[in-house]
Structures are given as C-alpha cells and as structure tokens.
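Each structure below is given as structure tokens.
Consider the two complexes below, in which subunit A is the common component and subunit B and subunit C are the respective partners.
And now, the complex of A and B:
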C-alpha cells in the first residue's frame, strides 16, 4: 500500500491524467487536495461573482493562482455617455495603476460604422466607449481574458469583446481588441469601472486551470 | 464547481522550429479552446498555424485566412490569404520574453465531413501593444487530430500550448 491507494509498484507517481492504482474515497479526496487527482469537473474555476448596486467600481481583490483569468459582466448604470475600463493593482486592491496603459480596439456601431480606437498612454484599458447604459434595457455586456497577471517577468495583457447601446442613436455597438500594462510587476487585483457615474449588475471572475 | 471547459493536453518546447499538440482533437468534443501564455521567438517573426491529420502536418495550399492586426501606436492592418499553406500571422514574436498570448477556438476538427475552422484573438508586445483578431479554415473535409505552430523565421525560444475541450 502506498500513500495514495494500492499500487503494486510504489514508485509510480500520482499526477493528473496519470493516476494508477486502486483508490478508496479517502485516497481520492487526499489526492484531489494535493492536486494530484485527475480532475472531473472542468477547468474553468469560478473565483468570485460580485453584484454591484450603484457602485463606482467592481474590484476583484483575490485572483487565485492562474496564468489566464476570464471575466464576464453584464452591467447597467446611470450615464448616457460612458465607457467601461479596467485597471490592475499590485497591492491587493488598495490602489490601482492609473497611467501607462496601452489599448488597441475596433469600435463598431449600427449607424456609425467602424472606428480604430487606441492609446499608448492611457489611465486604464478601455473595454467599451460611448455607451448609453442609463435607459431601461441598456447595458454593458462582455468578457475579458487576462494573461500573466501574476508574473513579474511578463507584462499583463488582455483580449476583450463587449456589446452595448451607442450613446447617440440607441443602436447597438461593440468594441473588440486588446489591452496591456507594459510594466514588469506582479498584479494581485483587478477592477472594472465606468469613467463617469455608477454601475449596477454582476461580474464574475474565473481562473483557467492548467496542467503540465 | 462543474464547468464545461475540460483540459485535454498541454505541451511545451524551447529552441524548436515548430511545436505540435498531437492527438488532442477527438470525437469527445466538437469545439476546442487552444491557449498559449508563454511565447517567445528567436527573431521577429509571425506565428503561423497548421493542422495535423493521421499522415502528419497538413502542408498543402488548403488554408484560407482573414486576420486584423490592431496596434496601439500605428495604423491597423490586415492579413488575408486564400489557398495558402498555413494560417499565417495569428500572432507575432519579436525575441522578447515579456509576454504574448494566443486564444483560439477550433470548430469540429474531428468531423471528417466538415472543414476545420478557427477563431483567434491574441496579442503580443512589440514595443507597443499588437493585437490580433481573425479567422482561418483548412478547406478539406477530413479528420484533424492535432495542431502545429511555427514561426515564419527563426525558432521558438519558448512556447507552451494547452488544449481544452468545450463539452456540449
């Protein structure tokens, strides 16, 4: 008998997708706790869902330990001309970096066509712009993938897609593109926020589990 | 928590001319997510993609592509191709290790009666932010079992690829 289950050759190493032996429920529990059990439940792991109610920002102060984070949101607000943005923090959310961001997006709307929107010196990474989220039924909806937030030797990057109602004509609009914070530092929190007014609704942050 | 994103396989390489994930597409899933968070090339080069079937890497002129390149400090551009030998320029490597990502969705690769399509949204740091958004297709109705990445010149100093199935 080995530490984890009955294994004829005790030199066998237990690891995800390569478990060998006969296991009791206790073995399985212990292996799972040790991150050595073949996962059964999928690798998109919910970190936190937050519900905002007329708030100026939604902060995620716990990131877990992942190379890729996935954020979804659906938010209303009180402004008829507003954008949605994202920032990083290296002190657990006590303060957020507010300069030196890059973003490069395309914005499209039902009447205005498509526009390149970008910056190399922004106070946040843009997710949406020129939205009306104050009227009934209007909202920011979208998702963001964040990459390498917690690696001090890599820049924190994101890719994003959003849909919302345009500020001028109540037609639908969208943004898609990328963002970056080109400073080598490890981040421990992120946020999303409107540049004016407040937001209400839900946002969920997930981590994507990896195995080597 | 049960979720429908299920890890299948990962692979990594350094100092190689290309990197493949073999036998990662199968009949268990129709849609896959391919993720890269570690990517560095030995020299400035596009990152290109080909698919793999039972005979190996598909190198024929059977690919089409349309990719936008969104750059934070200059005008945007595009890459298009029809009847080309790879889906070229889904991302860019410039010898820097500071970061790049690839996030790709592959549709019905294992279905022998359909073409294999992909969506790509990725980015890299090249002194400015360089984002990519595009599509590609391998226009042969055949069973695809894997995926192959390679730089247009030089080698892959570092690359790590993870493949997930999206359970329907």
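And now, the complex of A and C:
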C-alpha cells in the first residue's frame, strides 16, 4: 500500500503526468487534493467569470495561486469617448494602486492611422483608448496576459490586445502592447474599468498552471 | 479550449545556463504555446533567441522570416523585418532581476511535414531603469520539416546566462 492506498508499492512516486497504478475514485480525489493527479481538464483553469450591468468597474478579488493569469472580456458601455484600463490591489480589492504604471502600446484604426501610446507614470495600465462603446453593437473586446501578479519580489507585467470601435469614425480600432507596474509587491486582486461612464458585459479570469 | 502541459524547464540555483532545450515535446499537429515566465539573466543587456528542433538537433538553416514591433513606455516604437535568419529573437533588453522578461509564443504547424512552421510572440518586460518594453511579432520558417522541440538561448554570459527562477512551460492547445 502506498500513501494513497492504490495497488503499486509505496516506492512509486505519484505526480502529475506520471501516475502509475489502478485507482479508485477515492484515490483520484485524494491525489487531486494533493496536487499529484494528472489534471484531466488541462492547465487553463477558470477562476471566475463576472457579469457587469452598468457598473463602474469589474473587480477580481480572488486570483488563486498562479504565475500567469489570462483575462478575456467583451464589454459595452455608455460613452462615445472612453478607454479601458486595469489596476492592481494588494488588499484584496479594498483599494487599487493608482500611480506608477507603465504602458507601451500601438493604436491602430480602420482608416490606416497608427500611433504609439505610452506612459511611464500612469494611473492605470491602459488596454484601449478612444473608443465609442455607447452605440448598439459596439464593445470593448480583448484579452490580457498578466505575469507575476502575486510575487512580492517580481514586477507585475502584462501583454494585451483589444478590438473596439473608434470614437471618431465608425471604423474598427485596436491596441496592442505591454505594461508594467515596477513596484515590488504582491497583488491579491485586479480590476478593469472605463475612465468614464460604465460597462456591461462579461469578463473571465483564468490561471495558467504549471507542474514541475 | 484546454492547455495540456507537455514540457517544462525551471532554472535552479547553481545550474544557470545560456541554453534551454525542450526536446521531443511536440508530438501532435495541434497548436502549441510556450510561456516564458520570470526570465532574467546575470548582466545588463541580453537577447533571447530560439530555433526549432528535430529530436536533439536545432535547425540553424537561414530561412526564418520575422516581422516585429518593439514598444517602449519611454521611447518611440520600432518596427523591423528580418528575412532569412537562422534563429528568431523573442526579445532583447534582458537584464537582471527583479526586471524580467515574460512571453507567450504560439507555434503553428511545427509538427507538420507539409506546412511551414509559423509562430507569433507577445513579450513583455522591464529594462534596468524599469521602463516597460514589449515585442509583438509574427514569423515563419520556410520549410516543411516536422519539428518537435525548441531551443532557447541567451547571449548574456554574466552569471552563467539564464538565472535561477527562469521558467519555460510548453502546452498543447486542444478543444
């Protein structure tokens, strides 16, 4: 008998992607609880999906325990000139950092205009800017990879890309680029929010797990 | 969509190295994604380059084309096109911790023996002055060789190259 009670002798080390033996449902449950069972649903793990309805922000107050997070969103709003931003919190979402963010992006529109948009002293990480999401059918859409959010000895970083309707013409627009919060602290929550007005729609936060 | 881990490498203290090889980890024609997390080097100024691998051999044929944009929170962005390379550059500007490079590299058609191998890269990091940088890239290798791995290398020799805590994880993307 091994620690978890399956057939192989106790010298077999059970770990993800290397499980050996014949397992009962109880064994599988116990191994899964010990993080030693090969995950059947993959390593992209949904943390939470939130639905906003004319809200000023979407807060994710639970981040799980991951080195890399993945956020997707599709959000309408009520402003014809608005951007979408993201901030970090170290107190579970009670307050959010509002300075010292860096971002570096390219913004393009459907009429062929491209500009660089950047800052070394921003009140949030920019995801989109100059959007019209007030009209029916128009929305912020995009995804963000966040890195090292929960590590006190590492800077929190992201890459992002978004698609939305340009504020000046009924053409598409996009932003892509990266961001950094070069302050050594552990974060326990993040949010996304428009700089004016409100948002409605859904956003989903995932953790990307890895096994050594 | 599911991500299934197929390869992993973590640099540990005392085992710093300039080269990481994930060999024989791509065994299907599914899209694969490689994440680089917390990648740092032992000196200021370093590049992170990659080559496809067949079993234990890296392919150094000069037939990789790449188009890329480099964003910087404190400088005008740069755009490059580099044909006929024998490697592709995931990022430059690598430096010492707590500044790190992090990236997602998507691999398309690498296992196929009838299609070219394509890739996209989204990288982020900070320079030694905390400036944020990012690389957004697309490229391909002009040959139909079936590849099943990847070689990652830094030219930074300080401290032995990639520092402890640098992590590379490969996933297969399945429905």
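General observations
Here is the rule we use: the second predicted complex is superposed on the first by the 206 of 212 C-alpha atoms of A that agree within 3 Å, B and C clash if a C-alpha of one lies under 4 Å from a C-alpha of the other, contacts with A are read in each partner's own complex, and residues count from 1 in each chain.
The rule is simple: contacts are C-beta pairs under 8 Å (C-beta built on N, C-alpha and C of every residue); 3 or more make two chains touch, one makes a residue touch a chain.
The structure presented is a predicted model; accordingly, all values stated were derived computationally and were not measured.
Subunit B and subunit C, once both complexes are superposed via subunit A, clash.
When both complexes are overlaid on chain A, the residue A:120 reaches subunit B and subunit C alike. Judged by the touch definition given at the top, the superposed model places A:22 against neither subunit B nor subunit C. In the superposed model, A:169 makes contact with neither subunit B nor subunit C. When the shared chain is aligned, subunit B and subunit C each come close enough to touch A:67. When the shared chain is aligned, subunit B and subunit C each come close enough to touch A:155. When the shared chain is aligned, subunit B comes close enough to touch A:46, but subunit C does not. Shared interface residues of subunit A, touching subunit B in one complex and subunit C in the other, are 16-17, 41-44, 67-68, 102-106, 116, 118-120, 145, 147-148, 151, 153-155, 157-159, 161, 176-180, 182, 184, 208-212.
Interface residues of subunit C facing subunit A in the complex, by the touch rule stated above, are 1-5, 8, 10, 35, 37-38, 69, 71-74, 76-77, 97-100, 102-104, 122-126, 130-134, 136, 167, 169, 171, 174.
Those residues of subunit B whose C-beta lies close enough to touch subunit A in the complex are 1-7, 10, 12, 35, 37, 68, 70-73, 75-76, 97-101, 103, 121-123, 125, 128-131, 133, 160, 162, 164, 167. If you check the complex, the residues on subunit A that touch subunit B are 16-17, 39, 41-46, 67-68, 102-106, 116, 118-120, 145, 147-148, 151, 153-159, 161, 176-180, 182, 184, 208-212.
The touching residues of subunit A, when paired with subunit C in their complex, are 16-17, 41-44, 67-68, 102-106, 116, 118-120, 145, 147-148, 151, 153-155, 157-159, 161, 176-180, 182, 184, 208-212.
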